[in-house]
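A, B, C and D label the chains in the order they appear, each numbered from 1.
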Amino acid sequence: MFFASDNAGPAHPKVMEALVKANAGYAMGYGAEPIMDEVRASIREIFEAPDAAVYLVINGTSANSILLGTMSQPWQTIFCTDCAHIHEDECNAPEFYTGAKLTLVPTVDGKMTTDGLRAKILAEQNRGVHGPQRGPLSLTQVTEKGTIYALDEIRALTSVAREYGLKTHLDGARFANALVALDCSPAEMTWKAGVDTVSFGGTKNGAMGVEACVIFDPDLAWEFELRRKRGGHLLSKHRYLSAQMQAYLEDGLWLDMARAANARCAQLAAGLAAHNVARMLYQPQANIIFFEMPRAEHKRMLDAGAVYYVISGDPQVGDPDEPLIGRLVTDWSASEDAVNGFLSHLRG
Amino acid sequence: MFFASDNAGPAHPKVMEALVKANAGYAMGYGAEPIMDEVRASIREIFEAPDAAVYLVINGTSANSILLGTMSQPWQTIFCTDCAHIHEDECNAPEFYTGAKLTLVPTVDGKMTTDGLRAKILAEQNRGVHGPQRGPLSLTQVTEKGTIYALDEIRALTSVAREYGLKTHLDGARFANALVALDCSPAEMTWKAGVDTVSFGGTKNGAMGVEACVIFDPDLAWEFELRRKRGGHLLSKHRYLSAQMQAYLEDGLWLDMARAANARCAQLAAGLAAHNVARMLYQPQANIIFFEMPRAEHKRMLDAGAVYYVISGDPQVGDPDEPLIGRLVTDWSASEDAVNGFLSHLRG
Amino acid sequence: MFFASDNAGPAHPKVMEALVKANAGYAMGYGAEPIMDEVRASIREIFEAPDAAVYLVINGTSANSILLGTMSQPWQTIFCTDCAHIHEDECNAPEFYTGAKLTLVPTVDGKMTTDGLRAKILAEQNRGVHGPQRGPLSLTQVTEKGTIYALDEIRALTSVAREYGLKTHLDGARFANALVALDCSPAEMTWKAGVDTVSFGGTKNGAMGVEACVIFDPDLAWEFELRRKRGGHLLSKHRYLSAQMQAYLEDGLWLDMARAANARCAQLAAGLAAHNVARMLYQPQANIIFFEMPRAEHKRMLDAGAVYYVISGDPQVGDPDEPLIGRLVTDWSASEDAVNGFLSHLRG
Amino acid sequence: MFFASDNAGPAHPKVMEALVKANAGYAMGYGAEPIMDEVRASIREIFEAPDAAVYLVINGTSANSILLGTMSQPWQTIFCTDCAHIHEDECNAPEFYTGAKLTLVPTVDGKMTTDGLRAKILAEQNRGVHGPQRGPLSLTQVTEKGTIYALDEIRALTSVAREYGLKTHLDGARFANALVALDCSPAEMTWKAGVDTVSFGGTKNGAMGVEACVIFDPDLAWEFELRRKRGGHLLSKHRYLSAQMQAYLEDGLWLDMARAANARCAQLAAGLAAHNVARMLYQPQANIIFFEMPRAEHKRMLDAGAVYYVISGDPQVGDPDEPLIGRLVTDWSASEDAVNGFLSHLRG
């Protein structure tokens, strides 16, 4: 009954096998190993982007920060939601790597709207050299609230950005979970919808620790490489990144894992919806659920062995009737047993 | 006959086994996993430093940069050698993480001298607010030239730094290779010799990609954690770092691997010394050899399948008699066969 | 009828006389000139702060940025209003000098409330190393909307900050205008109310270009000096800064000029209040008025020679009845004639 | 007998008159004032560069740092001499504004040589993404040692830079002193000799505090403006910068002042050359002299009222026969009496 985070589960055994397999003999490092050539080719094929620059880094914070650094200038402001990971959970890494500031666009169900975005873009006008200059847009898919932008929503948002000459970054820490939910192609969710760069997550979806940075404009490639190195994010024994990504992509493993995580989440959501006390805050579309429930119910679940975050108060101390918000996240390895166990406890 | 780099070899099978073993079920991340507690305890014991703060990162550039960031201020200058990795091979990462500049101390056989250090420290005086302020000393052990500071040399250099109130960082990317060469304890080579923080390398010595940052003054711990996170260097699935380090340290594996690498290097050095044309530039003390040999000889070796860097010119094109400098590096996995093969080709 | 900005008027003649007088013979520079000793003593006396560190810089952006840099860390967030000059009008200079981000506290009449501040401070909790850490509070007095924090409002806000261990900076670009409006002492408006550092403005109030940075904790002095120099803000011929400040402070010139500016503003406000179409957005308390008026009325005023900013639309093009927001700012040199002329045109 | 520095003398009376004259009524700020149009036109004419972008800042550190920031990238290294002001006297401001590092080219008589430059440029090759990338060249004219690059020396150095695709910045804090010494045109000393940007000094040569930044490629203009603002170096009451520069340039005042300073220096040099104990370290070509003399002689001069820096030891304490290095700098206001007084004391 572990639903605390999708970065707390194990890597898929095939990922580990690939690591072990890659661990043979000498290999040139820093991305010059042959496996990386295969990974690059795979990602270009998956994204239908034969010219895309493709790089690997260890985690989402570095992927986001280095990509945004490559896309922006230190006198700009980056448009993102008020609950974006780059704003709330990266301890100023995006500011460190870009020098820029972040302008927070308000959200509905974890998503920004075109009106909200446009209003913030317009607010950064007319100050000439005095105000921050408009920088790129950064979208998050799956959002931090577990919701998903529809393709036409992405297109509409990137169109607003483009009206003002701004490029778009996609924080796809849960890219696969969104993709299988939308049942679309990677190209449709990215460059065909106006996205310029992607943090293509692996870590939260069964890898050990790897994210691909996909840049559709190859002119930015060399600058990305320099920024990655300057940030200390270029690995010497790079084959252990590329081997992970190779296994992750092979035979659609990444999609299978995302489907499994989403399916377990859907089961949990169905159980919560049927519950007479719990209330979901957003319609879960991928592998995350936010729900409100009295403290006493949270306490009962946690005491029964469920593991998840109660984020709006201490579940052990206080008025038993006070509603508190909990978050459930499923990963590829969440078992049906765990879900059934959770739901059976929930029903009391 | 691969002697190009010690970051191109495989990880030790025990490291991979530990990774696979750690890959079971859920684990809290970000260093909160139980294995990290063991690693912290092991390193404190190995260093005889029960209060030391211990952190893991993915590579040497980030270890050096975050440690130096924690030790310095952006208006300071860091004293290091003119061939230091932080100067030559990290694409301004130390400057990025510190804001400081580097003052280059001249070297003899890859090592700075107390006189050279003192002269550079003194040169940064008397300018008040106008000049850079004196920041920490950073030493490299094993040096970039394959030589090793004797314990009394380290003590003498850190004493000079301390005279001026400066702390000392040790870039120990090849810490183990130096340790077994000196046959001393980690404490003797670090805090007992006046060193304040250590980049304790694993990657070049049989790990997949992990370095420990050891900080003897625990008051700096929280700042280090914030700097690591802000640099994007805190891993969510941190257990795959700690599992590597655990296996690396267990039963002295790290020392065994360093001894093996050094032994292979000694064999190569003996063969080169006996050779009538090649000439070693420095007395190899660990696992690196720089040697000069006519282009034609280099060409012959490379054509025979030896893999190493010729760093002062193109070995394939030019005057066959021109002496060119080559670099040989042995790692834990270098085989006696490879060494014997190299030497037999060398003798022609 | 020039009411566009208080940084567009001339310096007071006494300031220019002081400059000319200071321009005699050689003087040690960088703040070592004798006039600076007098300025330091004057400001310490005015602020009843005998130990305060006092420095001069050329403008408000540098004063704010260097002070905030001295008070914060690059992994922190600085709490300020959503209309603060440091947020809107300094092109990321505060982010450049601090490395930190800004958290925007919502405003009522240009002022943050204790509830608003506390909510934002609390929102930055519970993320441990992942989220930005809480940094200093920055208040602006006079606010960007022309309103003024009462002394008990300042005390209440700094008390909230102190509860969480946070220090407070006061952006006093219009310090004098606020002071004479509140009829209190500099000490009462600053350290007695919990303020730790002050950007003490001169430029907008009759100086040529000088602001004092007042730091009540002298332990921060040396770091401020290094940050000022590193930002390129230490002047060699510093006497021309100190001479300005000396004349500014002498015989209460600064207070006289602020009183004159505020009085002209009050006249304008009275005229606007009596007008049957214009509507003031905030109760003007110092030397700034925001007012709404139909486009046609703005056009009429501008065509008649009034100079001020219409900030919410083009006054020359569009629906004549659409209400547009204008901003009037009076400086020390605004004449009664100019005010009367404006008001007589306003009445039509 | 004040020869401590050329930034310690007064501004020329005509500069002060211009300031007073500019201090009338309202003027748009931030460089939009009419005087700035005249200054821009004058500088373009003087430099025979009708398209050059021209900006004013308060001092040399900011001029150098913002120009270099506009010309470089944070992963680059800037080539300058080991005694450059940007290296020794700006407390890491160039690093702060650029993110880059400085590579120190050795000097002969304060000047780098083409061989020295080329060797340093070549040393930054072949490391790919690992090493710092080659950035711009920064030359200083007059050098910190009081010597001057001949036009063909500048051309040769910028040619070496251009061979490697690198641009050249000229730190012209003493531009006028060099120009009159070389008796050439500003164009000949800059863009005709391959220089791309110039810090055109006024402060050390009779202004109160103003330097022009001249950028021959106008495509860099907007970035410069943003960098200047972000550094806090855009003045609101900018007319007081432009008025200084206007007076400085009018009727060749700047050249007259430089000629006067150089002439006084030449007198001093002649006296020193005739002296039987003092020895000049470099042939003075502008307004700076470095000379060696026994401590007792320095002491005698200082006790007699001469004011200058003894930079290699305490002139009051120590072996009276020990040779110590002194520095003499003449400014436009140095009187013949002062020079004659100095020389008469020197002769004893």
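The rule we apply is simple: a residue touches a chain if its C-beta (ideal position, glycine included) is under 8 Å from a C-beta of that chain, and two chains touch if they have at least 3 such contacts.
Bear in mind the structure is a predicted one, so any value in this text is a computation, not a measurement.
Visitor: In terms of contact pairs by residue number, which of B-C, B-D or C-D shares over half with A-D?
Guide: B-C
Visitor: Going by C-alpha centroids, which chain is farthest from chain D? Tell me that one.
Guide: When every chain centre is compared against chain D, the largest gap points to A.
Visitor: I'd like the Å distance between the centres of chain A and chain B, where a centre is the mean of that chain's Cα atoms.
Guide: 34
Visitor: When the centre of a chain is set as the mean of its C-alpha atoms, what distance in Å lies between chain B and chain C?
Guide: So the centre of chain B lies 51 Å away from the centre of chain C.
Visitor: Using Cα averages as centroids, what's the distance between chain A and chain C in whole Å?
Guide: Chain centres of chain A and chain C, defined by C-alpha means, are spaced 41 Å apart.
Visitor: Mind pulling the chain B residues that touch 2 or more other chains?
Guide: Chain B, residues with two or more chain partners: 74-75, 90-92, 96, 129-130, 133, 226, 229-230, 234.
Visitor: For chain A, which residues count as touching chain C in their complex?
Guide: For this pair, the touching residues of chain A are 74-77, 88-92, 95-96, 99-102, 104, 126-127, 129-133, 311.
Visitor: Can you list the residues on chain D that touch chain A in the complex?
Guide: 30, 73-75, 129-130, 133, 225-227, 229-230, 234
Visitor: Give every residue of chain C touching chain D within the complex, in rising order.
Guide: Interface residues on the chain C side: 2, 4-5, 7-11, 13, 16, 19-20, 23-29, 57-59, 61-62, 65-66, 90-93, 96-97, 203-204, 208-209, 226, 229-237, 240, 307.
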